[in-house]
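One structure is given here, and the rest of the page talks about it.
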Amino acid sequence: MFPTPTITHWLTLSALLFSIGLYGIFTRRNAVGVLLSIEMTLNSAILNILIFNRFVASDDVDGQVLVLFIVAAAAAEAVVALAIFVSFYRHRHTLDVTQANHICDQGNSAS
Amino acid sequence: MYIQPEIIVVVTAFAVLGMEMFLPPRQRVLQTPVCLLGLSIALAAVVYLMIQGDGNFLGGQFLFDGVAGWFKVSFLLAGLLTVLLSADLLNGRFKIVPGQNRVLIHRGEFYTVVLFNLVGSMFLISATNLINLYVCLELATIPLFALVAWRRDDPLSCEAGLKYIILGATSSAVVLFGLGLLYGLSGSVDLFTMGDNLSFGPATKLAIAMVVVGVGFKLTLVPFHMWAADVYRGAPLPVAAYLSVASKAAGLAFMFQLFYRVLGNVLLDVSMALAVLAAVTMTLGNLVAVVQANVKRFMAFSAISQAGYLIMGFLDPSGAPSMVYYMLVYVVTNMVVFGVLVFYLNETGREEIEDYRGLSRTNPWIALVMMLGLFSLAGIPPLSGFVGKFFLFSVASKAGFHWLVAVAAVNSTISLYYYLRIVRQMYIEPGLGDDPPIRASASIVTALAVSTVLMVVLGIVPFFYETIYEQTHNWIAVAGIRGGMAE
Amino acid sequence: MSWLSLLILIPFATALAVVATPDSKWYVRRWVALFGTGVVLALSLVMSVSYMQAVLQRGGDASMLTISQMEFEQSVPWFKSMGIEYHVGVDGIAMAMIVLTAIIIFTGVLASWEVKERSREFYAFLLVLVTGVFGVFISVDLFLFFLFYEVAVLPMYLLIGVWGTGRKEYSAMKLTLMLMVGSALVLVGMLALYHAAGSQTFDLNKLAMVDYSRDLQQWVFPCVFVGFGVLGALFPFHTWSPDGHASAPTAVSMLHAGVLMKLGGYGVLRVAVYLMPEGAKQWALFFLVLTTINIVYGAYAAIRQTDLKYFTAYSSVSHCGFVLFGLCSLNLMGFKGAVIQMFSHGIMTGLFFGLIGMVYGRSKTRDLTKMGGLSKRIPWLATSFYIAGLASLGLPGLSGFVAESTVFLGGFFGNPWVDSTTMRICTLLATSSIVVTAVYVLRGLSRVFQGPMTKSEFSQMQDATIPEKLCTGILVATLAVVGMYPPVLIDLIEHAIVPIANRF
Amino acid sequence: MTGFLFENAWMIPALPLISILLIGLFATGSNARFAGIIGSVAIGTAFLLTCGLGLAYLSSAEAGASAVTWSIEWLRYQDHLVVSLGTLIDPISLLLLFVVTSVSLLVHVYSIGYMAGDEGYSRYFVFLSLFTFSMLGLVLAPNLLQMYVFWELVGVSSFLLIGFYYTLPEAIAASKKAFIVTRFADLFFLAGILVLGFFVHQWIVDAEWGGVTAAAVQSASAVQALDFATINSEPVLAHLKDQPGVLGLDLLTVAMLLVFIGAAGKSAMFPLHVWLPDAMAGPTPVSALIHAATMVVAGVYLVARLFPGFAASGDALDVVAAVGCITCLFSALIACTQTDIKRVLAFSTLSQIGYMMLALGVASAEHPAGLGAAMFHLFTHAFFKALLFLGAGSVIHAVHSNDVAEMGGLRKKMPLTHATFLIATIAIAGVPPLAGFFSKDEILGAALDGEHHLIFGVGLFVAALTAFYMFRVYILTFLGGHKSDGAAKAHESPPIMTIPLVVLGVMSVCGGWIAVSQFVLPGVELHAHLLVMGLSVAAAVVGIGSAFWLYGGQANRAQTMAESMGGIYRLVQNKFYIDEVYLFVTKMIFRFIAAPAAWFDRHVVDAVMNLSATVVRWVGARLNVLQTGQVQTYGIWMINGTILVLLFLWLVQR
């Protein structure tokens, strides 16, 4: 049957997840989609830490504790992000991140 | 117990929040003095602890030493000055200009968020394990997203918040991945143990590259700096001021933790990369600052270039005191400049460089303070900016990076060029008309006075640098021994 | 406390006093400034006399020394961990420069007697500038030296920018930036030396005791030389000078050309040549050629100028070339000549710029081609102008000759590290500039002062006022005293130059 | 040589210096009239001191003795190169002192009358005293550098006096020309000083190390490289002669030639003579003092001072002879064609100084007679030429014109001026027993003795020419009828102007009877050449005769002859177009060196500096474009940055 997955397999999985997340961040036009992709990269990092906890430092639970905190922090981050998205939407009636370019004052360069 | 300052700040934060909830609106004006009082007491506590000496709490999970003390002083100073600078806006004392939305609402929440952010930064430098470090980093970051987007009615503010949080979250994910790798490579979450276990392997390189993103994001190192200009431009000005100093100081604290404690072993191996990063950062920051017309964007790029100078201190293990000192200097100096910017924006609603014309005629003292601040940023003696830069350059020179010293020194000249552009507007160009002198509010005057005096004193009185130097020995020793500099 | 500290405290205190004067009374400020600078002038003269006495008392054979002997020393630790000290002291060279500075600022205040526009800031910046200049000359600590050096450069920006004429912002910016690039190079070299010497001290004389490696000196020397050279108008980094001088107000031109440009030569001597003899030997030829170009090229360029200030500025480029040229000779006479030239050119060019300001104030033009026959109406100014001109073409009896002949002899005597033929050719080329100088000086002066009067308004001109007479009189007298009896200056500086020359 | 006068010889130049101060301080404005008196008294005292000094010398010192009687350290370059200000007393310095003080005194007195009423009266006497001071300092110089110092000072006083009428464009132009041309020559003088300074100093140092100094020259520590005593000493000259110079010449020759160029500039030798004719734009007494009697002979004096060096070199002396020869012939030719009375005298001066140079050139270490002859001629020439100039000044003062074509018939109007002018003319023409005859005769004799036959021939021809053009001027000025209203209204000058003429007239007559040559060169025997005497008298007679033939009778005889010579006459009249050549070269320098230098500075050097600023701004603007405002682009940069850091860490090892 399948061989037991080793740390390499797991790390590959995590790296793939990370890459997919990054790809999403840079290609999704909807801010919520970007946020989802960010969560995905965060999750890949979480997975990474858990893998290391399991394979490298299996005699304590530091990694797992760290992961719990990360999940909490990520949740906080998501809350703030969504709040900002809402207020952004109220002004622009869109969540397209490529439309968030009103600040770039190119023509404003001084002589 | 060495955690009193943090506790005081947290208590203050809750007190302010409580006042917001329970006091009638008119009495909520007291939030500002309460906040200032709390921060001042915390500052006093830090100083007291520094006099007491190093110590730890919670079985070594919280470490208080000289460097931590000085960082906390920087944070608290930044917090104090930000509170002072934002007071006018929060209290509605500013000139209303049609088409501009500059009101800041929810004073209590604003202060609370700032204070929590400060606490995050303060814990950051005292953390000794990865869990603490990460949580504090998040605490020192997430409230800033909210602060930037604080002005909900202002599309620019929201847009800045959007950008900031997307990039901030991304960087935090990347840095977390890197931290995970470091954890995996060392098998520990204790920073000192991690440092002992790490060697300069390929995976370490990947991890370093990834944590550099986090550090670079907070410190605005090129090319992780792109958010800065847009965010500074969109954020309320006091928040931009806070971002430029407190967030940067937190970034430096994070970098201290990582590069001295975790990567102390490999510090010398990465020095070339850091040197290039420093050179690119200061050069790009300066070059782009040259063409800016808006003071906020201008200060953003100025801040970017300052970060370039700042990390020169990592090139040699002996650089720790120079960096800590420069951080302190940078906080007060930047606050001088931002203080004037806030003052001018509040009172006139103008924020283009050209708008500063003739300021020396209407408000000679403010113009003088501004000029001194800009000169200090440019590194003109005898102001503290000069001394700080000199020490940083000396570190690079000691490490043999003479080319970097040259690049940095030439960059100082370029920076002088654009700082002088403002001086020129203030002093040389004729005024906009027969403007009457602009009255500055008490809070602005206090902020400017405090920061200006500190800016001058820091450079002339050797006490500060000498004390920092004495107190940073243990950090140098850690990095020095690990970096193989002992011989 | 050392008396020397007074030299920086008094101007600074005077600056503060000027700031404290009431708004309405602009005329009080000039008296305050004059008083402050007068005290400094008196102090500097007294100190130079007591310096001479101290040197005589010290006695002993100074001819074998290789480390400069300082007097009036005072040392207070500053940034101890870096080895930075507030260490002041002077030798004869510094003393001569201090006297020069004191004379120029005193006369500079007299020359700007009629400045009414924002006079508070004007005098304050001027005095801060002078504080910086004095600071440089009294510094023994390299850090302090550098610190004051930059303090001296920066107020220039505002002084030119606010009170200047013509393309003042452009000129002021160019001047400031070029000088700062120069100081950036100095900084690089200075830090390299500091660390090579063990990161213990910035004390110049202690740094001088270290044997730096050849490789280090090979790259540090040109850095420092060019860095200071920018301020000393080293070709091709001199272009800030014509524009800067042309735009600057009178007193600032005086101070800048008279004193500030000397900081360049002084820095080259004190830091580059003194600390890095090996580097100097390796680079002497290169810089010798560059400075020869300086001298000749500056003189030729001056011929074509029609603006009096540009004219004098190019002549300054040429004359400052002599300073650097003398330093490149790497022998006693070269150094001595360079220092005398610093002093002499300082006074002479101060006089030039002061007079240009006075003439400009009357004629409202600086265009040579539009002036003529002025000496009929303003004989005092014309005579002073002629004396300055004759000094600049090296007429014996005025200080220019003493300086230039010493430089030429120094150059001709040469040194073992540069091919003597090249050295002599360079010297003769440099010498040839005395003819070119004569051409442009006489051409310029005769245009302005001789011939028929070109404009009817000129016939309304008034001759020098009392402050102007005092100003020009002091400067002319100094030129003449040094020119007629050179030992007054040579005795002062010789003891200080011998140790530096002995290093070669 | 001791005694009050010797040890205080510095007073002689100091007196005019004091007079400058006194005039400058007190004789200005309404007191200006005292300026002339102050100046005259000062120089008169100096003259008396000089006479006293001369008598003391004659009575106390052995013949030909030379000593530095007073000196102070002035400019300390380094050991053995310490320049002192001092007074060197020897026959030639005494001779020159006498000439300078006496002529200067007479010119001062004359000027009181001549300059009366001029608005620059006191300025004039300041300049005149300055000149006298400088010239006396030059004469007394015991070392080359002091010589140079005062050399420059006489140059500048000459410049100031030529440009005295500062509103006249030609005076300004002439003053600048004089200064710059002599300055150009001085450049070579200075180069010569540098060469001598270095090599003599080297010799002293070597000798000191070798321990031979004491034997060679005086005591070791006191030997200074630039002292004449050191330079002229045998071992030094031998050392210099051994050194290779440039262009195959030995070093001594190179150094002497360099010095000689300086001397030629000041003495207006061909081709550096161009400034002297123009210098006549100054007041006439000035021309008499500076541009005839004293300053222009400084070159001769300098060569005489360094005569041992020139003699040891040999080649250098030949150059001196050649230059002297060319100049005297060439200027005499030009003098025949000029109509401006002062210009004729100026070219005559050139010619006579050429004569002196020629005399120096034919001398040698073995036959130094030429040296004595040159000094003798210098002495006599000073008086008769000063007299000619002052006489001309008197005429100009009366006629208000310089052009001989506007004079004529002044013999009756100005008898005293006429008489003295005639004496001087005869003297310069070389008619015995007047002064010019003896000195000229001695020069020709020296040339013949030295077997320089060509030079002798030229000298003889020039003697004839001299007689011719001087009598031409005399005839045109004083004889015949009035040619203009100015001449008709002319009257004799006041006594204050005529007395100096008379004194000079006496000197022009008797000057030749003093045995100057024996004084200068004691012990050198002089042969009286009857042949030479005869020839020279004949030449003078021929010259005078042809002058009377051409100009004394019908005036168109001269015109016809000039026309018949055509191009050659025009060439000579236009001074061989040498001025034009100079003008061309100067323009070329302006156009092709100065203008490009100024252009280069603004448009290349400065442009590069400005370009750097432009580049900074341009790059800044380009980089600013990266701030697109697109948050995802920013993110990609972050990741790119990470990858770059990684690659950097991977690839670059410290």
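In this document, chain identifiers A, B, C and D correspond to the written order of the chains, with residue numbering beginning at 1 in each.
As a convention for this text, a contact is a pair of C-beta atoms (placed from the backbone, for glycine too) under 8 Å apart; a residue touches a chain by one contact, two chains touch by 3 or more.
All values derive from a computational prediction rather than experimental measurement.
Geometrically, the chain at the heart of the complex, using CA-atom means, is C. Judged by contacting C-beta pairs, the busier of the interfaces B-D and C-D is C-D.
Most remote from chain D, judged by the distance between CA-atom centroids, is A. We define each chain's centre as the mean of its Cα atoms; on that basis chain A and chain C are separated by 63 Å.
Chain B and chain D have CA centres that are 76 Å apart. Rounded to a whole number, the gap between the C-alpha centres of chain C and chain D is 36 angstrom.
Centre-to-centre separation of chain B and chain C, using mean CA positions: 42 Å. Residues of chain A in contact with two or more other chains: 22, 25, 34, 97, 100, 102-104, 109.
Counting only residues that touch two or more partner chains, chain D has 613, 621, 624, 627, 629, 631, 635, 639. Contacts with at least two other chains are made by residues 177 of chain C.
Pairs of chains meeting the touch criterion are A-B, A-D, B-C, B-D, C-D.
On the side of chain B, the complex with chain D involves touching residues 162-163, 166-167, 170-171, 174, 202, 205-206, 208-210, 212-213, 216-217, 222-224, 226-227, 229-230, 268-273, 276-277, 284, 287-292, 414, 417. Of all residues in chain B, only 129-131, 134-135, 138, 142, 145-146, 149, 152, 155-156, 158-163, 165-166, 169-170, 172-174, 176-177, 179-181, 183-184, 187-189, 230, 233-234, 291-294, 297, 353-354, 421 touch chain A in the complex they form.
For chain C in complex with chain D, the touching residues are 174, 177-178, 235-240, 242-243, 297, 300-301, 303-305, 314, 332-333, 336, 373, 375-376, 390, 393-397, 401-402, 405-406, 408-409, 412-413, 424, 427-428, 431-432, 434-435, 438-439, 442-443, 446, 449-452, 485-487, 490, 494. Note for the complex: chain A touches chain D at residues 22, 25-27, 34, 97-98, 100-104, 106, 109. Note for the complex: chain C touches chain B at residues 77-82, 84, 121, 143, 146-148, 150-151, 154, 157-158, 161-162, 168-169, 172-173, 176-177, 180-181, 183-185, 187-188, 191-192, 194-195, 199, 219, 223.
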